[in-house]
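In the two complexes below, subunit A is the common chain; its partner is subunit B in one and subunit C in the other.
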Partner chain A sequence: MIPRPRPERFRLRRTMMFMNAQKPGLIKDAYIYGCDSIMLDLEDAVAENQKDAARFSLYHALKTIDYGDTEVIVRINGLDTPHWQEDIRVCVAGGADGIRIAKCESAQDVKTVEAAVEAAEEEFGVEKGRTLLMAALESPKGILNAYEICAASDRMFGVAISGGDFRKCMQTTPQPDGVDMLFARGQMLLAARAAGIQCFDTVFTNLDDQAGFEAEVLQNKAMGFDGKSLINPKQIRFVHQVFAPTEKEIIQAEKILRAYKEQSAAGVGVFTVDGKMIDIAFIPGAERTLRLARACGMYEGDLV
Partner chain B sequence: MKNAVGREIPDALLTNGREVYQGKNYMDGKYIQKASPRTRRCEKPVDTKVVASLVEALKQCGAKDGMTFSFHHHLRDGDYVVNQVMAAAIDELGLKDLTIAATSLGSAHDPIADYIEEGKVIGIQTSGIRGRMGEVVSAGKLKTPAIIRSHGGRPRAIEAGEVHIDIAFIAAPTSDCMGNCRGIGGKSNCGSMGYAMSDAKYADHVVVVTDCLVPFPNMPASVEAIDVDAVVVVDSIGNPKKIASAAARISQNPRDLMMAENVAKVIASTPYFKEGFSFQTGVGGPSLAANLFLEQYMDERGIKMGWAIGGICGPMVEMLKKGKVGKVIDVQDFDLDAVNSINQTPNHFEMSASQYANPANKGAFVNSLDFVVLAALEIDTGFNVNVLTGSDGVLRGAPGGHPDTAAGSKCCIIVTPLVRGRMATVCEHVVTVTTPGDCVDVLVTDYGIAVNPLRPDLIECLDKAGIPHVTIEELKDKAYSLVGRPDDLEWEDKVVAILEARDGTILDVVRKIKPYDPNKAE
Partner chain C sequence: MEILKPAMAGTLESSDAQVTVEPGTDGIQLTLSSSVMNQYGRQIKATVLETLERLGVNNAQVTVVDKGALDCTLKARVECAVFRSCGQSAANIPWGGAVR
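Entry: the complex of A and B
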């Protein structure tokens, strides 16, 4: 049995790679590719009559495979299916780090899942509050209710848009400039930032269109996303490249944190670094930059 | 006697000056007397050397019991010639006690297993041995131990007279009536004929077997008429579908791609990665895919590859055509893109096996090689590699150019998944040492990279480039933690094959495997 450490609500999540929870060959060592999180899917990738088999495979994977630092999240079936309660029991019993709520449309959906998670934690003697949640917004209603969803629970660490279903509802298709989901992505980002949780973009499914993929990742980064869902390991490298901080950003963040430590020890709250005014509001951003830099192998210091 | 890779070599094999493996470059500087063939003068002009059948050619060359026949393996698993010749010699002429000295043998040669079991074939000398032949040899049915040599070790042994070829059979996609042969222009094309060249020069008799007779002179010839006694035209020398695949495609398997990317990273971190560097890679998934990532690093640094050697396939030809590599020198072709390019695309040349890899000559290409990327069936914590015997101890592989390129190159990278099915690839002791650990520098697996402690300079390169690496023991432990540590194989005393190091010393032996007894298993 592999004991997994208590999941961190806010950690680096540049890349979340989807894979079918039913395929042992895929899930046995998916961590080797270096994505930040893997997303074991019980929902769309698994045929209706295979849900139970997938849960068994998932449970044993969680119990026997050492995923190391890679976060393990499970996408459960929608609340309109007969599967989601059993899915949650398996996730909690196996010790998954988090659950992705498919087709989330309201704060109530989050609360419904939260209650089931809590009951399962009790049932299996898992530390209460251990299992994190994230929501996938797949419909116009989900996007409109984004803020209440993001703020619905202390377990919520992030929110993601699911492009396939959403575009169908909106009667559109993927556009090279991303205009098809520009508003939805923007609304979701606003809600996530307002609620103080992370925000992730949808998968890019055309593996042959590397240029299209790269353009979308660059736009994601420019819009302020924390990371992106992926369907293939070969997409990981580019996302990590794009989300890596620049040398200049790293040096600046180091300076800010160093100055902050010195100044706050001396009782000073506002100070300047390279002529710019810095106060405590800059600290989380600087810390985030250095954590990102460390994950990208660009920072080896001890400030974070 | 124990050799430098810790293998116990029976003293009975150490006769006629044969020694155990002492470490790489042990023979450097020693003088050798080259052997020469005893050949028949063909002074009187003839109109043609074409004879009616293989039997007639055998008779003309004085074929008799106890002879050694040689073959080359450019027709790979599509080859018909070995089986045709042996059937003519044994079934039609009733010959026995024959030895087959081939550059390699594969499952196309399953019928030869019968001749071994009947005692008609008593010796096998080859690089590769697979299929039924591997099984019967492993079962101890060959009268003398098989001798397994690398592609460079074979021409060395021929030149030193350790293998004396009575009749060399040259499978030729095209030949003229005098025996000028080429690997192209026919219906069973193989491109390069590099492995056949030493055979033609050192055999007492040379018989060309072709299925496409072309007008004289067939130029430029890979094997020249000056060495040829007879030409036999048969219906077909091989199955073209199995000779060269349509096109070697670069793997899309994410695991292969990840390993390939790490191979390229390692290469780019070394001082040898500079304008004009030289390179060889295999055609296996991750080895071939390394081309793709290497090209990205070359573009980034604005450098070009000086030359590439080896078995060649399409992706390397593509790089030549794009001007990314200066010259391609080719001993064998693996796909039609390469077959159709050799001697056609400017700067795509043919070379002999000796020129490629012979450790005893004065200018083998492998000795000037910067990088080689190779696969492995197994690699142990001493970095010794096995590419010959399976996890059951049965012969089913080929050293090929592996030990030659590993020894000659400045940086030898082994790329392999950590486990295959239930088998740990990284292990405590390989079943058979085919490439000694002192020739292997870096191991790239899907679970991490390890550098041979003999190469602190490369460890420093990786550290500087921020490439994480672990010890090979850690990789071995990880492998065993995933699939378990297998029980040791159980052998009988009888030696069924001698694994000769490229310099002619004995690197390892393969013994007869004890039949598996399920009642004894725990």
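Entry: the complex of A and C
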């Protein structure tokens, strides 16, 4: 039995890779790829008549395999299926770090899942509040209700858009410039930031179109996403590269934090660093840059 | 648990095992074939029998076709086949109890 440490609500999640929970060959060594999180899938990847088998496999994988620092999230079946309640029981009993709510459309959906998670935590003697939640927005209604969904529970750590289903609803297809989901991504990012949770982009499914993938990742970073869902390990490296801070950003963040410590000790609230005005509003961003740099192996100092 | 009807779980893909259970009257009759029989045959047999015992299965014909499954996969496939044969695989599984 591998006891997993208590999940952190806010941690680095640049890459979240989907894995079919029904395939033993995939889930047994998913941690070797170095993605920040893996997403064991009980939903679309698992055929309707194998949902039961996938849960048995998932339970033993969670209990037996040492995933190390890789976060383990499980995507459960939608609330309109007969599967989601047993999915939640197995996730909680197995000690998954978090649950991804598929096809989330309202705060009530989050609360429904939260109630079932809480009941399962009680049933299996798991610490109350341990199991985190994230929501996948897959429909126009989900996007319109993004803020109430993001703010629905203290267990919520993030929200993601699911491109396949969403584009279908909108009668569009992936476009090179991302215009097909520009508004939806923007609205979801606003909602996530307003609620203080993380925000993840959808998968890029055409594995042969590396240029298209790279353009999308660059746009994700520019829009302010925390990370991206992936379907193949070969996509991990580029995302980590793009989401890593530059050396210049790291030096700047260090300078800001050092100056802030000195100046605030001396009773000064606003000051300049390299000719730029800095006040307390810049501090969280600088700290975030250094935490990211540390995770990428680019910073070893003690400022964060 | 009593094996009521034939049931199967798992696939013949690499790292998986296909487990079939059928009603029996004379204890556990295990037929095992494995791509790693020489190295792990005994270990696989022990895992399958232990899992059946934990589930309280005393009489059954069990066929395991192993393709290099880890212990955790073997257990999962045996349990799923047994619960399926009793028509109880869809809900209220005793996670952490008989299934562990």
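In the analysis below, the second predicted complex is superposed on the first by the 295 of 304 C-alpha atoms of A that agree within 3 Å, B and C clash if a C-alpha of one lies under 4 Å from a C-alpha of the other, contacts with A are read in each partner's own complex, and residues count from 1 in each chain.
Criterion: a contact is a pair of C-beta atoms (placed from the backbone, for glycine too) under 8 Å apart; a residue touches a chain by one contact, two chains touch by 3 or more.
This one's a predicted model, so the numbers in the text were calculated from it and none came from an experiment.
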Subunit B and subunit C placed together on subunit A: clash or fit? fit
Q: Return first, second, both or neither, reflecting whether A:N232 touches subunit B, subunit C, both chains, or no partner chain.
A: first
In degrees, rounded to a multiple of 10, the angle subunit B-subunit A-subunit C between CA centres equals 60
Chosen between subunit B and subunit C, the partner touching more subunit A residues is C
Now for A:Q85: first (subunit B), second (subunit C), both, or neither, which partner does it touch? second
Worksheet item: Which holds for A:R167: it touches subunit B only (first), subunit C only (second), both, or neither?
Response: neither
Check: If you stack the two complexes on chain A, which partner ends up touching A:G94: first (subunit B), second (subunit C), both, or neither?
Finding: second
Which partner chains sit in contact with A:A61 here, subunit B, subunit C, both or neither? Use first/second/both/neither. second
For A:R14, is the partner it touches subunit B (first), subunit C (second), both, or none of the two (neither)? neither
Applying the document's definition of touch, where does A:G25 land relative to subunit B and subunit C: first, second, both, or neither?
second
Closest CA approach of subunit B to subunit C after superposing, in angstrom, is 6
In the complex, subunit A touches subunit B at residues 29, 32-33, 232-234, 237, 297
Residue positions on subunit C within touch of subunit A in the complex are 9-10, 13-16, 69-73, 75-77, 79-80, 83-84, 89-93, 95-96, 99-100
As the complex stands, subunit A meets subunit C at residues 23-25, 28, 51-53, 55-57, 59-61, 63-65, 82, 85-86, 89-90, 93-94, 124
Subunit B contacts subunit A in the complex at 254-255, 257-258, 261, 446-447, 466
